[in-house]
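Heads up, the next two complexes both have chain A, just with different partners, chain B and then chain C.
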Partner chain A sequence: MPGFIDRMLTLDRRWIFLFVLVSVATPIIYPIGLPVTTTGSTRAAFEYIEALKPGDVVWISFDYGPSSAPENDPMAEAIMRQCFTKKVRVLVSVFYPLGGLGLANSAVAKVTAEFPDLKYGEDYVNLGYKDGAAAVMHRLGDDISGPFPTDVNGRPIGEIPMMRGIHDIRQVKLVFTAATGIIGEWWITQVHSQFGTPIIIGPTAVSAPKYYAYLNAGQLLGMLGGMKGAAEYEKLLAGAHPELAKFYKTTRAFTATKGMDGQTVIHTVILAFIVLGNYAFFRARAAKKRGAA
Partner chain B sequence: MNLEFGRVALVVLFGILPIIGIAMGLRAPSLRSRIPIFIGIFAGFIPIVALYVPKAFLSGETGMSSRLDLWLIILAAFALLLGIVNVVQNSSRKIGRREKGWPYAVVLLTGLAVTGSFGIYGAVTGHGIGFMPDGSSTPFKWVEDRFFQPLQSTIFSLLAFFMASASFRAFRARNAEASILLVAAGLVMMGRVPLLEFLAAPIPPLHAAAASASQFLGKLTEWIMDTPNGAAQSGIIIGAALGAASMAIRVILGIERGYLGLGKGE
Partner chain C sequence: MELGVVGTWIAALLTLACLSFLYKDNPFFRFAESLFAGVSLGYYVGITLNQTLMPNLWEPMRQNFGQNWDLLVPGLLGVILYMRYLPKFGWVSRYALAIYVTYYIGVDFTRRLHGEVLPQLGRAILPLSHFDSRTLVSAIFMLGVGSVLIYFFFSREQGPVTKRIARAGIWFLMISFGAAFGFTVMGRVALLIGRLNFLILQWIYPMLGIS
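Up next, the complex of A and B:
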């Protein structure tokens, strides 16, 4: 066994890469169906949207790029599905410059196609991308048409039926930001702190730890932390709205629930690597001490 | 003509004053920094004062602070343009001098030109950069879906491979601090995923025990994230905010002048 571990420690790292590839890809191609347990911050987000009334407005902001799309796409899509099921109107915006608008357009097209009764301009509006996120958010407290004079198609905001009666961010019941980087924090500091609009955030797993401070301070209403948060949301959504369960049972489309299988396997692999590496480290240190003695 | 006080004041402060500043700078280089500092002071003070003074000319919908926000949005768009100019300049220089990796600069410039021209084409034809009226992708979206998105995802996904390799070779319990980090990381990694259920899957008698242990680990993970992590993050955020506030005060008061990009004696 010690000889085997010593050999493992000098293993060419390309073997490790191959092992990781197989470990991640296999559960995505052949889902295991591992259970997902829900956390308080995700349940709080879900219950708040469940309590909204038909006609209320939710602002969904796509503040991420393709690099974190497997984590952020499922959460943004799940929130949109929940809103449309509950006849809650949706405003879409994008503040992430590197590919955010393309992802938003694709997600909106995908989810709205699942609800054939929806009408653009009455049930949802895509405001498109705007640069200078912090200044735009601050300005939303005065009026939405200032920073967004037209929608993504160039149609003046004033001509869109849904926008009548939505003058500024105070008329929005909730902002959900699927965010990577600092944009999520700006929603808290520029919008919630100044205008009181509740915020739910869907950060990547790597940036989720910092948002616990905002959750504890009551400045965030809820959080969907990374792919795990998205998988929790999918579970809650499929449980509360059986008609939506079909979107999460298909074997072809990627879902966060499916992604969690891959994440579980890779966490197991990385933990095994850490244990193996530390075992060899302590063995080598003990041998060195014995040699010195 | 609309001669609101706020609008006139903004034109004076950010239109006429800079012109006077440029003229002064041309006549006497030592005066070059004066007007930019004044502009910095006003640009910093106006939004702060607007928070506390509920006067229409300051904090109203068309007040000075709101207009400054809109100007900032326009300026941010110009920053993107500056970024493009910078990329073109640097890449062209690299290609011209045949520096190491110059073929990558050719690929970069080609990508910029092709994607940019498709974007301009979308703007000129009115189709935008999303979908055509028949639901098919615009040329810009086609490039984005088939090149940009897969490439960015690929670069980011490489992290998984490097993290696995690094965890194997470098994540060691060398001292007390590293050991605490290692244990916390291990617990969070186990608690965030149904790892125990996965390991117990081939052994049915262990399923119930694995499920309850997994629940306990999940709660422990939430406690770690909520309490020690939340407290540390609060400290970091408050510290960073205080630092940013003090830097802002230095800029507003004209003490911090690094952003002016001036030489010695100016």
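Up next, the complex of A and C:
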């Protein structure tokens, strides 16, 4: 055993990579179904949308790219499913340039196909991508058609039935931004602070710590932090709307709930490596001190 | 072979090329890296042209120039930015850049002050007349902010008292770095889960005929 512990200090890091790979791949092949517990910030987000009335408008912004899609895709899809189940109308926008629009189009196509009664232009509108997010958000308080004169397909928004009653961002009941980087901050500081529109954010796990300051200051209604937050939301959604549970039980589709199996396994492995590495380090240091004495 | 299957194969092979860097640097990784950079840039140019420049600049001017002639100003400012590539007229681009920077300073000033500083200060500083768990948490936050600020104050040499406060600041910093590290690990693992999910369920399983 001491020999094994000592070898940990000189272990080729590629063995750790391989260990991580196997630890993550195993739960994908053999799902475990570990339980997910919900947190207050996710419940607050869920309950706010649950309380919306049919016909209300929610703005869902896809402010992320393929580099964080495994975290942000499930949360954006879950929020869209909840809105459409509640007959809440949805406006979609994209402010992340690299791949955000492709992800938004795929997610909208995927989720709207699950609700065959939905009509484009009446129940949801895809406004597409706009460059210069901060400046665009600044204009949303005056007139949405200023920065978004057309929808994603080039159709003037004045001709879209759903947009006739929506002039500016104040008429939107909620903005949900699935965000990576700084774009989520802009929604809070440009739109919520200046126009009062409530914001729920679904940041990547890397960005989540900074958003706690906004959450604690009451500037956010709720937050879905990374894959864990998305898994919590899926659990709440499947619990409140059993008709949606089927989307989270298929074996082939990727969901955050399934991803959390891998997260739990790999975090256990990482913790074990940290304990072993520290034990080996302090053991070697103690031995060195004894040798010097 | 269907187009979707070809796309899956290309994505899978490029994913493997990227992951191969974990073993060691190699030409497959470098090819995938360069391809990614090139495709990203091309995509950015295309999407900005189709989704922003055409509907917000070109089309309004083409359809009704009399009403939208003022769009010429931002359009020209954008063109002027590229003058830096002409050595003789490079100085002109500074004017566009100056206007661009000034605009964002104006927007950002309001954003920072009314969107961050004032609301977060308002919630962080609570009256001590009513003491409960929120006041305690707020007091700890204030101690943290104060001690970290003292740690980063380099204009005067630290005395015995400020040294101890700065030491407390290091602890607050370490706790926040630890939380950020934990979230970062979760985020990076999530990306690996996403990629492996794709490789196993969308590439390997169909290849082996597993439904």
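Just so it is clear, the second predicted complex is superposed on the first by the 293 of 293 C-alpha atoms of A that agree within 3 Å, B and C clash if a C-alpha of one lies under 4 Å from a C-alpha of the other, contacts with A are read in each partner's own complex, and residues count from 1 in each chain.
Just so we're on the same page, contacts are C-beta pairs under 8 Å (C-beta built on N, C-alpha and C of every residue); 3 or more make two chains touch, one makes a residue touch a chain.
Predicted model only: the values in this text are computed from it and were never measured.
**Student:** Quick one: is A:63 in contact with chain B, with chain C, with both, or with neither? Answer first, second, both or neither.
**Tutor:** The answer is neither, since A:63 touches no partner chain.
**Student:** Does the superposition put A:105 against chain B (first), chain C (second), both, or neither?
**Tutor:** First partner only.
**Student:** Considering only the touch criterion stated at the top, classify A:271 as touching first (chain B), second (chain C), both, or neither.
**Tutor:** first
**Student:** Touching A:24 in the superposition: chain B (first), chain C (second), both, neither?
**Tutor:** Both partners, chain B and chain C.
**Student:** Mind working out whether A:77 is in touch with chain B, chain C, both or neither, as first, second, both or neither?
**Tutor:** It touches nothing on chain B or chain C.
**Student:** Look at A:35 in the shared chain and tell me whether it touches chain B only, chain C only, both, or neither; answer first, second, both or neither.
**Tutor:** A:35 sits against chain B, while chain C stays out of touch.
**Student:** For chain A, which residues belong to both interfaces, chain B and chain C?
**Tutor:** The answer is residues 17, 20-21, 24, 67-70, 97-99, 101, 130-132, 135, 138, 147, 152, 154, 205, 208-209, 213, 216-217, 228, 263, 266-267, 270 of chain A.
**Student:** Considering only the defined contacts, which chain C positions touch chain A in the complex?
**Tutor:** Spelled out, the residues of chain C in touch with chain A are 22-23, 40, 43-44, 47-48, 51-52, 55-56, 59-60, 103-104, 107-108, 110-112, 114-116, 119-120, 122-124, 176, 179-180, 183-198, 200-201, 205.
**Student:** Within the complex, which stretch of chain B touches chain A?
**Tutor:** 61, 66, 69-70, 72-77, 79-80, 126, 128-131, 141, 144-145, 148-150, 152-153, 155-156, 160-161, 163-165, 167-174, 182, 186, 189-190, 192-195, 197-199, 201, 211, 214-215, 218, 222, 225-226, 229-230, 233-234, 236-237
**Student:** Inside the complex, what are the residues of chain A that reach chain C?
**Tutor:** Touch list, chain A to chain C: 14, 17, 20-21, 24-25, 28-29, 67-71, 97-99, 101, 128-132, 134-135, 138, 147, 149-150, 152, 154, 186, 188-190, 192-194, 204-206, 208-209, 213-214, 216-219, 225-228, 252, 254, 258-259, 262-263, 266-267, 270.
**Student:** Going by the contact rule set out above, which residues of chain A touch chain B in the complex?
**Tutor:** 13, 16-17, 19-21, 24, 32, 34-37, 39-40, 65-70, 97-99, 101-103, 105-106, 109, 130-132, 135-136, 138-139, 142-143, 146-147, 152-154, 205, 208-210, 212-213, 215-217, 228, 260, 263-271, 273-274, 276-278, 281-282
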